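What follows is a single structure, written as structure tokens, with notes after it.
By written order: A, B, C and D. Residues from 1 in each chain.
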Amino acid sequence: MKLLLPLVIGVLFASGTYLMLQRNILKLVLGLSLIGHGANVVLISSGWIGTGQVPILGRDESMPFVDPIPQALVLTAIVIGFAALAFLLVLSLRVYRDLKTTDVAEIKGQKG
Amino acid sequence: MSHLLVLPILIPLGTAILLLLLRFQPMARRIVIGLSSLLIVAVNISLLLKINAEGIQSYRTGGWAAPYGIILVGDLFSGILLVLGCVIAVCAVYYSFAYLKTDAQKALFHALFFFLWAGTNGSFLTGDIFNLFVMFEIVLMSIYALLTMLGEKKQIEAGIKLISMGLLSSALFLVAVGGIYAFAGTLNMADLAVKIKPHAHHPLVSAVAMLFIGVFGLKAALMPMHFWLPDVHSSAPTPISAMLSGILIKVGVYAIIRIFCLIFVDLQGHFQTFILTLACITMFVGAMGAVAQTDLKRVLAYSSVSQIGYIFMGIGFFSVAGMGAAIFYIISHGIIKASLFLAAGVLKKMRGTMEMSEHGNMMKISPIFTLFFLIGVFSLGGIPPSSGFFMKFQLIKAGLDGAFYLPVAVALVVSLFTLFYLIQAWQKICLHTQEKAPENPLNPHLLVPVGVLALLALVLGFASAPVIDLANAASEQLFTPELYINAVMGKQ
Amino acid sequence: MNSLIFKTITKVVSPILMIFSLYLLLRGHQLPGGGFIAGLMTSAGFVMIYLAYGCERFDFKHRSRVFYFMFSGGLALSFLTGLAGLFVGGYFLKSGVAHVEMPLIHENWEFASAAVFDIGVYLVVCGVCVSLMTLLGEEE
Amino acid sequence: MTSILIIVFFPFAASLLLLLLSPALQKINFGTRLGWAISVVPFTCVALILSLLPGVHAGGASTFHIPWVPRYGIELSFLVDGLSILFGLLISGIGFLVVVYSIWYLSEKEDRLKFYLYLMMFMGAMLGVVFSNNLFGLFTFWELTSVSSFMLIGFWYHKDVSRYGATKALVITGVGGIAMLAGFIVLYSITGTFDISEILLMGDVIRASDFYVPALILIFLGCATKSAQFPFHVWLPNAMEAPTPVSAYLHSATMVKAGIFLVARLSPAFSGTAFWTGLVAGVGLTTMVVGGYMAIRQTDLKGLLAYSTISQLGMIMAMLGFGTQYSAEAAIVHIINHAGFKAALFMIVGIIDHGCGTRDLTYVGGLKKEMPHSFKIALVGCLSMAGLPIFGGFISKEMFYESTLHMPYSGFPYLIPFIAVSASIFTFAYSFKFLIWGFFYDAPKSPPHHPHEAPALGLFSPALLAIIVVLLGIAPGFFAHGVLELAASAVSGKTADLNLALWHGVNTPLIMSFFTVVIGIFLFMRLKKVVSVQDKLSEKVPWLSPNFVYNKGFLEGIPPLTQACMRWFQSGNLKQYLSVIITFVMLSTFGLSISQGNPLTFARLFQTELNFVHLLTFILLIVASLATVCFKNRISAILALGMTGFLVAFFYVLMGAPDLALTQFLVESVAVILILLVFYFLPPYFKEAPPQRTKISDISISVLVGSVMTYYMLMVMDSHLTETIAGYYLEVSEKLAGGRNVVNVVIVDFRGLDTMFEIAVFSIAALGVYGMLKLKKKPKHISKVLGSK
């Protein structure tokens, strides 16, 4: 199991990277979201001890709890990621409106 | 425990929120902005004095002790950056009133600006690695918003580049935090330092350190993560360009210095060649880029890349003298570059373009502007007695003391190019004859911050001894991480 | 998306979503839930209304000021909670727990100041999401 | 010792005063009064320096300190000895004459205010250089001379050639300055002090050090660029675009002598080795020959004098390089001689330029009749320059010849005298070219306006200089015992005893002089032929000139080259940027990590048991993310992304994180709707995505990223080291924070600061979106939506 999770993360990052490197701006958005998912999964897995119960107190105290810290961190990260994604989306709308393209490779006004 | 440490975050954050609520009261906003700017300056300076007198300060937010709550820590280095930041920010705020046109722009700009300020101060003060992530995000998000808010084509274009790279770096930050949390089981930087110390040479630690270099290097525009900088600096509204070059890219530098002087102390040797190599390439490529430009703001932007290389060279020496030199470099470069960017904005307001061939005659139009600009040029070129001389001098001295001859040689050659492209730019703008008259007259309000910063650069040269001593004291503090750890973990 | 079925579903589901979200908000300190989730759920309700009716039913365009002040106010609320911690508890964001005997039902209710902070979070999340959507919607 | 402060800072104060008063002064018509007022400054300096002289005679050197950056031993300190007095007198004395001359020279329409401002700044800087006792004080003033000379050379900044000349001077002396800075720091690491008088006493330590050679080379680079030594001499001729008083000042006694000064100043510490002699004398002799060779070609009188200056500087440098006491004395004598006749000749050129409207020998000639007084002065100057008897130049040339005969470390005993004689032949020839062509022969073309003599005011300064030049020849003892001996002993480190005389009897130097004159006359007769040969040569091999390197290589070569590089490197293509960044980060992460050893113990990784639900989630996640990549249809791709998000949410459930799962689920739903909303308006998916030529590299980058992340994650999974801080939260959450949902308590309480800023980030996103959509496009909406009244 522990071997499979790294593979999943690898695939998330690899497909995210591939999409990010495509020329269409939608693919850029999709790729960055996938990479964001990958990062969140890495972060949540950092507290993984195998089995554990949900960190809500006051019930069964016998089983060990899952580490709540990474959960809190990921929650923050998800929300921040969502904010950035929303911003990126609107920005890509503006790119389409102002620069008249959805092809990232055509956005080359500022070079050198 | 004094609340002085939390105020540099609280005041700008509160001001930003207040500005949001005062959306429709321009006069009230003006008063709030003025008062709280001055308040922040006062707080930051007194904080620096306090740290200087009493040693490293720490503050438990929410009252939770380290390593459980988020601890704010102020050492000399962060104190210095706080003061530098507020000096530049105050100038930028003043400048923005004359720079922005409509009230709607101002309302949005100032709210975002204070969020940015809060995030910057927070980045310098936080002692928690994940909180640093959040602070970075607020800084980045405000930059995205400030960059694109005027909606010019160039800004949209730079925005899409910056935000893509920013999202990538945020993801890598999370990955690095995940790795380090899994490894050490804590997020407090002082605690991390303690926990990692016995296992410093574990491969995972090196990997995490490198990811951090990638993430912070992107903010600091270290080669090859610098790609966003020329576009963003040159297209952002001028006060933001000044902030970016003056203090915001230094946030990345700060973070790298912080982690390598605290968490990854034992990896300094492992990363030294790597950092020095990157520093040399950054210096060189930045200068080459600046020579190639015809747009003044892009010249200055590439120059910032090049100067970041110098700063990283100082860091890469990993000696007290080198770090002291880097810290002084940060201060001095921040002030000079902010002044130059603001000066560029003055020109932009006059003719609506930054192409140097479209400008000229400034010597006739405004000798004062020419003088301020020239002070900036010579300071950055390292001509004594300006502060720019001392920043280069210390760096070279630290390098020769540490027997790093190659980086020093590169630095020397590049500094020649620095002088060359700056003089060329100054000549083109101030001396060349230009037939076309400027569209707008020069706005004297815009000149005030330019002059203040330029004169500050001069003063910093004439009275450099106390600042140099302060920078070196900060550097010594950085090289005794026990002080930091004790201040955070010890009885509070 | 203007189908009748969707409108009908929206009519039923969105009030439920909103009420449920308030429940999630209030219990957040003890059970899964909290400001983020509640805020997102409320905005999901608004999203549904928006998708089903556009601007016709609930005049988003002219209420955008409401949402603006919703998230600014939320920010202010959270910030003030933190400040209250500073003045009362001695640290910024210091929380306090109060046990209050409720007058009529004679139950001992527990109030954490952190819950007020969470309400601020709720307001921000909800305000921002809906603002985003209306802004985007106007672009059409 | 306050007088030394006054000497150095009085000119600066005058300059600052001019700057501050300039708004007021610009309004009044000050005419020539400003110049007279300013002339007080150098005059005072001369008087004060002379007043220091008795003290130096009596008790040797004295110093004075003002701390600046004590940490590095940087301070302003001043050293008064024979050498600094000599240079100080030259600078302020000629400075005074130049100011007087400029009163006549600068017409009404010139910006006199700015001229005197720069000139005084320059003078102060020069005085600072020669009186400094701290290498960094010296360096500061040194760079200030560069800056102020940049201003002076570019005084007529509206002319392209002026800006070109000014930049060239600044860049080339800038190179030297930077090298010199490094050299000083190396010197500091040898001696541990920046104090010049201390350094001078440590000659043996310095010469024995391993860093002797780099320190010498670096410092000498600074001196050589400043003193226009080959191959850095190219800036000097272009600097002639300055107004003539500036040329007279910069190129006779001051700027170019700064390098000479520093070599002389440091020679007690550095000289006396074969390397010193080889470097300094070698460069000096080369410069002398090259300068002379170039000077005879010039038709522009100022150009002729410029190359002559280069040649003469080379000669002085060579004498300093020989390193004997006699050669040091010779150098000192020639410094003062050269200053005298060169300043006079420059001023004469200015008068000719004024009188004829040009200074080109193709237009100017036969001026003897129209300009009788100028002619007399030029006669004195040229004959002294040519090294003919009864003038000072003769004495120093004889001394030069004598010193070439007795120099140490010479492998070829006849070579050096031979070079010296050949270079002097050029000197003779161009001196006569100046004199004969200018004043006797008629020019091929006529000048723009009819020549006329300058008034007494213009002639005063050159005439005074000419008198000094004559005195230097007929009464050298007066100068020798006054200052020159003191200066020479400061250079050589031993007490000097100068016995200067015109006639030493028939000896080898006299015979050498005889040959010089004879061959010189022959060369002068054949000058036109020689020049045409030279022209042909430079046409054929233009790259031989260092000017070619500067113009084509540096000025014109580098910008296009860098532009091409940057266009390739900073191509503006986001895809390229992202690939470079991610490849770099991933490769270096892997490299720096693996170089610390292999972290993975696979045995431990295989330990956990297989769980079917986990397995299924993982497989579905992989499938969904690959589907996002593969779907060509945009709606499907977006939905696949949503699917991935939901699966991640389900994964959170498996990880025991219901809050997270709920959040992720809701965020993903809203996000997918937003993406759909936005991309609904964009054109279909692959309408404009042309075939990817970079597919292979994209795939390899992705695979690289995937593998490094897998490797990283394996490390993470394999290396939980210590107990986490989670235990504390679980323990106190209910007690101290009043909440049972620990995740929520962490968010709103333990890590409340995170959340505070997180909602701020969230709001900023909304504000940013608002700005982007509303601020530019529809300004009317602002009032309606969020804007002001």
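One rule holds for everything that comes next: a residue touches a chain if its C-beta (ideal position, glycine included) is under 8 Å from a C-beta of that chain, and two chains touch if they have at least 3 such contacts.
It should be emphasised that the depicted structure is a prediction, and the values quoted were computed from it without experimental measurement.
A.B. asks: Chains in contact with subunit A and with subunit B: which ones?
C.D. replies: Where subunit A and subunit B share a partner, that partner set is C, D.
A.B. asks: Where are there more C-beta contacts: B-D or B-C?
C.D. replies: Spelling it out, more C-beta pairs touch across B-D than across the other pair.
A.B. asks: Would you mind pulling out the distance in Å between where the CA atoms of subunit B average out and where those of subunit D do?
C.D. replies: Once rounded, the distance between the two centres reads 26 Å.
A.B. asks: Just curious, how far off is subunit C from subunit B if you go by their C-alpha centres, in Å?
C.D. replies: It comes to 37 Å between the two C-alpha centres.
A.B. asks: Can you give the whole-Å distance between the Cα centres of subunit A and subunit C?
C.D. replies: Centres of subunit A and subunit C (C-alpha means) sit 24 Å apart.
A.B. asks: Go ahead and note the Å separation of the Cα centroids belonging to subunit C and subunit D.
C.D. replies: That gives a centre separation of 62 Å.
A.B. asks: If I count partner chains per residue in subunit D, which residues reach a count of at least 2?
C.D. replies: In subunit D, residues 563, 566, 570, 572, 574, 578, 582, 658-659, 663, 667, 670, 674, 678, 681, 709, 712, 716-717, 720, 724-726, 729, 740-741, 747, 749-756, 758, 760-765, 768-770, 772-774, 786 touch at least two other chains, as defined above.
A.B. asks: Two or more other chains in contact with one residue: find those residues in subunit B.
C.D. replies: 13, 20, 23, 61-62, 130, 134, 137, 141, 144-145, 148, 151, 156, 160-161, 164, 168, 172, 175, 178-179, 181-182, 187, 230-231, 289, 292
A.B. asks: Find every residue in subunit A that makes contact with two or more other chains and list them.
C.D. replies: Residues 20, 25, 28, 38, 40, 42, 44-47, 54, 56, 58, 69, 75-76, 79-80, 83-87, 89-94, 104, 107, 109-110, 112 of subunit A touch two or more partner chains.
A.B. asks: Chain touch graph shape: choose line, ring, star, complete or other and state it.
C.D. replies: Graph shape, chains as nodes and touching pairs as edges: complete.
A.B. asks: Spell out the part of subunit D that touches subunit A in their complex, as residue ranges.
C.D. replies: Going by the criterion above, the answer is residues 563, 566-567, 570-575, 578-579, 582, 605-611, 614-615, 618, 621-622, 625-626, 628-629, 634, 637-638, 641, 644-645, 648, 651-652, 655-660, 663-664, 667, 670-671, 674-675, 678-679, 681-683, 685-686, 688-690, 692, 694, 698-699, 701-703, 705-707, 709-714, 716-718, 720, 724-726, 729-730, 733-734, 740-743, 746-747, 750-751, 754-755, 758, 761-762, 764-765, 768-769, 772-773.
A.B. asks: Could you please specify the touching residues of subunit B with respect to subunit C in the complex?
C.D. replies: Touching subunit C: residues 1, 3, 6, 10, 13-14, 17-18, 20-21, 23, 59-63 of subunit B.
A.B. asks: Looking at the complex, which residues from subunit A come into contact with subunit C?
C.D. replies: 54, 56, 58, 75, 79, 83, 86, 89-90, 93
A.B. asks: Would you mind writing out the residues of subunit D in touch with subunit C in their complex?
C.D. replies: 658-659, 662-663, 666-667, 669-670, 673-674, 677-678, 681, 737-741, 744-745, 747-749, 752-753, 755-756, 759-760, 762-763, 765-766, 769-770, 773-774, 781, 784-786
A.B. asks: Mind listing the subunit A positions that touch subunit B in their complex?
C.D. replies: Listed in rising order, the residues of subunit A that touch subunit B are 20, 25, 28, 32, 35-36, 38-40, 42-47, 69-70, 73, 76-77, 80-81, 83-85, 87-88, 91-92, 94-95, 98-99, 104, 107, 109-110, 112.
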